[in-house]
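Contents: one structure, followed by commentary.
Letters A, B and C mark the chains as written, and numbering starts fresh at 1 in each.
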Amino acid sequence: MVLLALYLVAITAEAMTAALAAGRRDMDWIGVCIIACVTALGGGSVRDVLLGHYPLTWVQHPEYLWITAGAAMLTALIAPVMRRLRSLFLLLDALGLVVFTVIGCQIGLEMQLPITVVLISGMITGCAGGVLRDVLCNDIPLLFRKELYASVSVVTGVLFIGAQALALHSDISMLVAMTIGLAMRMLALRYNWQMPKFVYRDEWR
Amino acid sequence: MVLLALYLVAITAEAMTAALAAGRRDMDWIGVCIIACVTALGGGSVRDVLLGHYPLTWVQHPEYLWITAGAAMLTALIAPVMRRLRSLFLLLDALGLVVFTVIGCQIGLEMQLPITVVLISGMITGCAGGVLRDVLCNDIPLLFRKELYASVSVVTGVLFIGAQALALHSDISMLVAMTIGLAMRMLALRYNWQMPKFVYRDEWR
Amino acid sequence: MVLLALYLVAITAEAMTAALAAGRRDMDWIGVCIIACVTALGGGSVRDVLLGHYPLTWVQHPEYLWITAGAAMLTALIAPVMRRLRSLFLLLDALGLVVFTVIGCQIGLEMQLPITVVLISGMITGCAGGVLRDVLCNDIPLLFRKELYASVSVVTGVLFIGAQALALHSDISMLVAMTIGLAMRMLALRYNWQMPKFVYRDEWR
């Protein structure tokens, strides 16, 4: 199935970018593997825990843990080459975002949750892994500050849910939502699109 | 029901103070909404996940997500006016703390948990949202450092559980616990009451 | 049962080191107690939530919360003496790590999870409490940066699972795994063994 293949590409890409983030913090090899697993599989885990959707993906498919940890180790080994692959990485990372979002929405629809919660399920799957990575690396989550990341997830989710509501075939809904989401993310990166920021300065509280 | 009205006031107030915290970190609009939802609904979510109390509140009532996100957007729009409303905010925030605490204790009692766990259930509901907000904004949680916040939650919980144990009517128990808790918090803010601190300096470990 | 006694020693030791970490951040008394409970009981809680293994330990045995909070308060009272007990502490902390790991693996085996997940269950039980402590104290988790900590947990888990697979008696498996894990940790501390680090510098993304 195409979605499974895309999912595997997505967790691999997430694991690789997470390994680079861990390397920036001088983590040791085990730290690198843990950060990679948390980033790649954490979004789905947070979703499943919040929705009570047991067992978690990696409990059923422990091979995903090995794929993720393996990708992270490989990244640490060939890190000097990584710089040249920047564009490929950004593309794979964006692909991961839209694939995770669609999978999260699908699970929400299967559980027959309210439509808002389906959308949130997609967002959490797409974005929470990166937030966990940033919290563990002691950064302010990028998600909240840079470029259209969460917004791409929202748009992808809305398109997918909308297409499903119009009774389009599931594969077509997916394709449409993921293509537009991916294009939006790549354009945002290319032209440095940003959401307006809310800047507030005041020291009381 | 009065408690539901108080709950809605409480999540709105929490969302507004969370939006200001996000603004201090220059987050974009989506970041502001996410931080607001996590702060206002995160305490109850942590409680429900730890107690296995499914489905979570916002899964059953997705309208709470909209209320919270809406309150956060409104806050970002009218931020300059907010400064003047400082006292009102602190009052609403304190109200949120005691309302959340009582709701958390009630759920613990309904689940017939041991009395210590009922108290913890109230504390988590009252305090964990703010801790999540501070972790996501990359601060040391205020909870652990400033004023009587967790302590107010403990006192409110003990009073509520005690009044229930004395077989007082549920509404009266609530009223007593919330009034005393609220008074304690406002006095703590007014006179800058603090818990004694444990200060330790030593670089081994 | 010996394992229960070891568990009680372990949560006490974890609570005491957590209290010292909280003291380094000038937390108040309630903050100290909360950090202690999260550190000592957090690893098991994260494991139980991820595996859907309800009710959580401290919900069933609220007395553990009192032991942990009590140990933390005591530590804050007698902190000046603590410096002299450094070696004892490091030993107890290492004991906690291997005891938690073995308990986590046992629960994974009882739930008949895949072998990789059993190992992860042990690691989470052993390490996640310390990660939560560091996140709440706004540090980069030590786990990912210093000495053989997660590695000791992995080795202990592998030995325990391996011994069980060889149909050794459960007590003997435990003894072997815990002794070797403990020795490895103490040697790592004594000779400052470290895992190789992955250091990466590059400001894109």
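The criterion applied here is as follows: a residue touches a chain if its C-beta (ideal position, glycine included) is under 8 Å from a C-beta of that chain, and two chains touch if they have at least 3 such contacts.
Treat the numbers as computed from the prediction; the structure is a model and nothing was measured.
Once chain B is excluded, the chains joined through touch still make one piece. Of all residue numbers seen at the chain B-chain C contact, under half occur in both copies; the interface is built from largely non-matching residues.
For the pair chain B and chain C, the distance between C-alpha centroids works out to 29 Å. Residue positions of chain B with contacts to 2 or more other chains are 49, 135, 138. Within the complex formed with chain C, the chain B residues making contact are 49-52, 113-117, 120, 131, 135, 138-141, 143-145, 150-151, 154, 194-202, 204-205.
Touching chain A in their complex are the following residues of chain B: 17, 19-32, 34-35, 45, 49, 54-56, 58-59, 62-63, 65-66, 76, 79, 82-83, 86, 135-138.
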